[in-house]
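Labels A, B, C, D and E are assigned to the chains in the order they are written; within every chain, residues are numbered from 1.
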Amino acid sequence: MEVESTAFLELKQVTTGYGDVPAVRNASMVFDRGGVSAVIGSNGAGKSTVIKAAVGLLPVWNGQIFIEGVDVTTEAPHKRLARGVAFVPQGRIVMPEMTVRENLDIGAYILGNDRRRIAATIERLVATFPVIGQRMDQLAGTMSGGEQQMLAIARALMTDPTAIILDEPSLGLSPKFVDAVFEKLVELAGQGLTVIMVEQKASRALTVAERGYVMHTGRVIYTGEAASLLENPNVQQLFLGEVPEEVERMLNLNDFDEAAHAGMAHT
Amino acid sequence: MPVFELLVSGILLGGVYALIACGLNLIFGVMRVINFAHGDLLAVGALTTVSVVVGYHMPYIVALIVVPILTAALGLAMQLLVIRRIIDGPMVMSLLATFAISMIVVNVSILIWGGGFHGLPDVLSGSLPILGLHIPAAKLLAFLVAMGATAGVWWFLQSTRYGKAIRSVSQAPELAVISGISISQVRNVTFALGSAMAGLAGVLLAPTFASDAQLGTRFGVKAFAVIIVGGMGSYPGAMAAALFMGILEVFAGYLYGQEFGAATLFLVMLIVLVVRPRGLFGVGART
Amino acid sequence: ADNPIRIGVALSRSGNLADSAKLYWSGLELWSEQVNAHGGLLGRKVKLISYDDRSDPATAARLYEKLISDDKVDLLFGPWGSASSATAAAVANKHHRIFFNSGGASEQIEERGFKYLFQTAPAISAYVANIGPLAAKYHLKTLVFFGRDYPAARDMLKDMKAVAKKQDLKILDSEFFPAGTTDFSSLIAKARQLNPDIWLSIGYPNEAIEMVRQMKASNYLPKVFIHNGASITDFMTASGKNAEYVFGISLYEPTLKTKGNAEFVKAYQQKYNRSPAYYSAFAYAGATVMGRAVEQAKSLDQDKLREVLKTFQTDTVMGHHKVDPVTHKQVGVTGLLVQIRNGKREIVMPEDLKTMDPVIPMPAWDKR
Amino acid sequence: MKFIVYVLIGAALLALLPLFAGSYTMSFMVQMFIFIALAYSWNLIGGYAGYAHFGQVTFFGIGAYVGTLCIIAGVHWLLAALIAGLSGVLCAVILGGVMLRLSGIFFGIGMFGIARVCEFMALGMGGITQGGTGLYLDVVDLGKLYYVLGAIALVMLLITFRLDNSRLGLQLLSIREDEMAANALGVRTTRLKIGTFVVSAFAPGAVGSLYACYLGFIDPPSAFALMTELTTIAMVLLGGMGTVLGPLAGAVLLSVVNDFLWARFPEIYLTLVGVIILITILYMPRGVINYAQKHTWAWVPVARGHLRRLADRAKGGV
Amino acid sequence: MARDNILLVDSVHKSYGGRVALNGASLEVAKSSITGVIGPNGSGKSTLFNIVAGSLRPDAGHILLNGRDVSQASPADICRQGVGRTFQISRLFSELTVLENLVAIAHGLSDHEAVERAMGLLEFLEITGLRDKWGRELSYGQCKLVEIARALMLQPTVMLLDEPFAGINPRLQNRIVDHLQGLRERGLTLFFIDHEMRIVLGICDELYVLAEGQVIANGDPAEIRASQAVREAYF
């Protein structure tokens, strides 16, 4: 099937979950080549689940996934990586008993034995994440939380991917580094990388993003220009919680509260 | 006390342990599976060697090639049919599974080869006179292969791209997947390789020891002690520990009797466990 | 006649004794067929009831309970192996049932004072009895004893010490190694230092195979190497030419000129297509004693049978059966010492049964 | 509570069994009780505290020897069993502090090593144990053994039931899940696991002694048999680790299957047992009890049901 | 000014192999205060918390809790002296349900009280529906919430929270903050690490800034925000 849009990655009506309970229902998302997209939503909304389905870590129950118009719904994760989709999972996952350098080598696994290219990529990444350069021979599991997060991001960038999906990239990073990482991502997006980030720092994410998806109780409830989402009072009220005074008001949204319950529980 | 003779015997015995420990260590190190059936594959290897050499009158070298392939196939079958389905469960599970497999392998071997003992009287039965000692040829070969195999596996895991992939699967399978590594393939390869090494050990031990379906059981436990002392998953450690334990067993056996000699291995293992649970050469990340 | 005499026995069909127990069973089976062909016992046919004890003493105990209480068998025959015999004998004795111990060598079984236990297999002392005369005749002065740590070996060491004391034979060293020992290099090193005339080992055939193999590979040989496992055929096939001149302890050989042996060997060969191993003879001889004692008692009453058995003597394929009236230990049957020559076991001791003179010392590995 | 009623009815029925069962059945039951008791003990430390334990047979073997030596010295067999149980406890006290510092698999392997060392010691200390010759004693009447072992098995079951429904049980489980976190959250993990280890060593010790009484004979290979260990573990895993009925179900199931197959296919029964274990692992990885629960056998008690009932009530109250 | 300190960290050193993680850090935490620790990644914050909680031993220096030296005490002892904690990377008991996770570690309560309390906390954090889920089945943020609930189960007097707000949606962050502030009113001391400046600067009475294992600044949020050194190292 020929897809007319410039979409790099597309999810069509995806339903998936764990065991026999769906955690995501009929989620549709389109990510264009280049540019930053953000997926936001409260805890347990199904963000990580939908992302895992996109990269092939969870089987899709229903619906389809396309990469550059090719149906990859049942393709293994490593094949999707070969198509250029890199992934940074949530929660600073590294190979704990391997050194930082080996972690990066593994990141470049699909590149084969091209030592030169790998060395060059590492050099480039070290410029963004200087800490990594200093810790090349430390076991990754002994690094601090934030250091591990940097390594996790750097690892995914090793293949020079066409798209990168980051599940909470800012997690545990110091403010200075959050800035650096976001800056870097925007820069890469400018060079044509498709950046998809799941974030709790929603306003921040929507500020750098061009397009946003808001998830709630396993469904995509809002889609659109990031700027317009940012201005959408409902979205603000629901998730942003920027200003403490607003908290009161949010608590009064009983309807949504109940829905939020169900979303987290899925019982 | 014939120190020199004992030392050489100990080193050669250590080679035997290293040979068995190598495959066991590979499978444990990568898959966190304690393979109870390892010794039984070894026995199958030894018995097949006897069949090839005595039964079919083929040269020993044929067994050296054919048997590891056979046991690799058996190991792969184990992995595909059973291990891969339970590998992500608790460790006792895989232990029970390999125990059940071990029961099956032993008893099927008995059906095939009978319960009696077999030998290879005419293979490598001589000795090489070196420095006034007679070094058993078969044991010497086993020793050299053990050292070569251990070093080879170590180099492979440590320095090659695929070796690193194998290690990464043992540490963070999900991360390995998204780095483009096919975990199932890595696990299949590992299990087949480990099993091939069990077979190789079988071929090399068949000339020195009496082969029957229980041959592996007689060694298996000691090989395990070696791995513990060396640090699970550590190859230089396993090699050093194997030599150390071999020498220790021979000397302790000579000085204080065989029963004490055998017990020493476990005592040393216990001491190491208590003092350095990760083995003399084991390393680890913070938890 | 349509009500056969039922004889109960537990035998290992699985587990580590399964192989040897199969041979034991064949002796018993052959006996029952022969008896039935000749009209049975007391005019009744005999019928064997057998179960598998999985080489496990606890199971053996349970099976003898079953044989006695559920199957209500008329006679009990002992299982194969010392540990199973020990537990089974205890059950039988508890129920006041005669127990023919034909397959359990350990002296401990006899020494518990079981009133209903009778040993038909040779006593442990018979195994080493021939070493004394051999040493005397060939001027062998020193001996080392390396045995697997199991009951029979421990008993034999005791008997060996008694034998040595009588002769001018010195035991330089004695040691037990645990089951599962495969490497004998420290024992070889030790023997090389002590330089004994005789190396005596008691254990399993695999140990004999490994000892010979490892002795050759490290170029060591005592004047006389004796191992009970060497009289098992596996040893010869597995050791090939290296088996030559090795001494074995045997209790029965097909070539033995005892009463009825030639017929037994012939019948056995006809039925099983191989010559009987000594396990088979154990069972056959034990069953022979059982059958003849029943004929003499003319009854299956266990106490009557017991009275008869106390003083019962008869000639079996293994030799002359006779028990000590108090301990019920076998005192009639003696052991044999064999040497492997041209791939055959030749009896070299005792003198009156020998088929060949031994070669002593064994020729060195490089002088063959 | 319904569950306890079922248990007691079952126990009453079993109490009457000796009146009509043949001695083979009795013998079978005695061996099964031995395994039930062993399985429950193992479940405490292996299933609840999560310490893969490959050395329970150490206590069994030591109990067997201590008991036998006591009986030979003239002690009554029941008292000997008690002493043997206590000897197990004593060993656990000595070993616990050192061994339980090891985590997970290392503990398992360490205990396995200790079992082997004890076996070699039993072989080596010929002066006391007669080494490989073994020790002999008079067999005890099956009926008596049946009741004593049955009582031990029942007590172990009830202890497990209590534990499963108490906070102590939860704390043990938290050790299994993440010992360091549990410790940091105030669970006195060291005390708790050593305590459990020590308690779990009593039954194997006592049962070991009774096993010797049953056999009338004990030697190092049978006292410290690896097979006893593995069979016990297999039973717990098949039944369901860390559950109340798992060890019972596993022990009964495996004993019956074993006996059934062995009587019919002696040459291949071990192969078949292996195949059956594999099939169970593959299709009921959490054991038959959890499987039964999932497929709603209402009478099977839910794990930690007590808590759930409390929570439901709390919810109702709000 | 004599402050009533509940916790005192006195020039603590810790190094791993050759890498110095803490290099003589000293802090004071006042009773019923909200004290925050910030600092660049790898500056030693988690190490400090692990030492205070007893999970790590300091190489040198002391930890005083209520004036008593606890540098060598076991984690369980420290916890029982009223210190509840969470972990930077969640450590729920994965094969226990959420409810059991909470009840397991409760002490000084009857079963009934423990369950009531647990249910109350779940309700507060809007996760009552997760009650019977297994620990392993939760999303990242849900894990963090349950962990906070678990620490609250202990009814601690001091709470050590290692990045409690990372990965939690802002609305819930605010609720948690409110709740903690409420507890503080009743005497709870809150000692926490976070990189979420909106909260750290908003609620802390006092802030410590760690860099390379040393305290480079401390003071109230306004002072810290103003400090040039901190700005360079951190913001």
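FYI, a residue touches a chain if its C-beta (ideal position, glycine included) is under 8 Å from a C-beta of that chain, and two chains touch if they have at least 3 such contacts.
Protein names from UniProt, one per chain: A, E = ABC transporter ATP-binding protein; B, D = Branched-chain amino acid ABC transporter permease.
Here the structure is a predicted model, which means the values were calculated and not measured.
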Request  = State which chains count as neighbours of subunit A and simultaneously of subunit B.
outcome  = none
Remark   = Contact-pair count is greater, between D-E and A-E, for A-E
CA centroid of subunit B to CA centroid of subunit E, Å = 47
Note = The distance between the C-alpha centres of subunit B and subunit C, rounded to whole Å, is 36
Message = Centroid from C-alpha atoms only, then distance subunit C to subunit D, rounded to Å. What do you get?
response = 38
Ask   = Among the residues of subunit A, which ones contact at least 2 other chains?
value = 142
Inquiry  = Residues touching two or more other chains, restricted to subunit C: which are they?
reply    = 14, 18, 149, 176, 178
Ask   = Among the residues of subunit B, which are close enough to touch at least two other chains?
value = 107, 221, 257, 259, 262, 286
All touching chain pairs, where touch follows the definition stated at the start = A-B, A-E, B-C, B-D, C-D, D-E
Key: subunit B contact footprint on subunit A (complex, rising order)   = 55-57, 76-78, 81-82, 86-87, 89, 93-98, 102, 105-107, 109-110, 112-113, 139-142, 155-156, 159
Note = In the complex, subunit D touches subunit C at residues 22-24, 26-28, 31, 120, 123, 126, 130-134, 136, 138-139, 142, 211, 214-217, 219-222, 262-263, 266-267, 269-270
Query = Which of the residues in subunit D come into contact with subunit E in the complex?
reply = 166-167, 170-171, 173-174, 176-178, 180-190, 304, 306-308, 310-311, 314-315, 318
Note = In their shared complex, subunit B is touched by residues of subunit C numbered 14, 16, 18-20, 146, 149, 175-178, 180-183, 185-190, 192-193, 204-207, 209-210, 213-214, 216-219, 234-235, 237-243
Remark   = Per the touch rule, the subunit E residues reaching subunit D in their complex are 53-55, 74-76, 79-80, 84-85, 87, 91-96, 99-101, 103-107, 111-112, 114-116, 118-119, 123, 131-132, 135, 150-151, 154
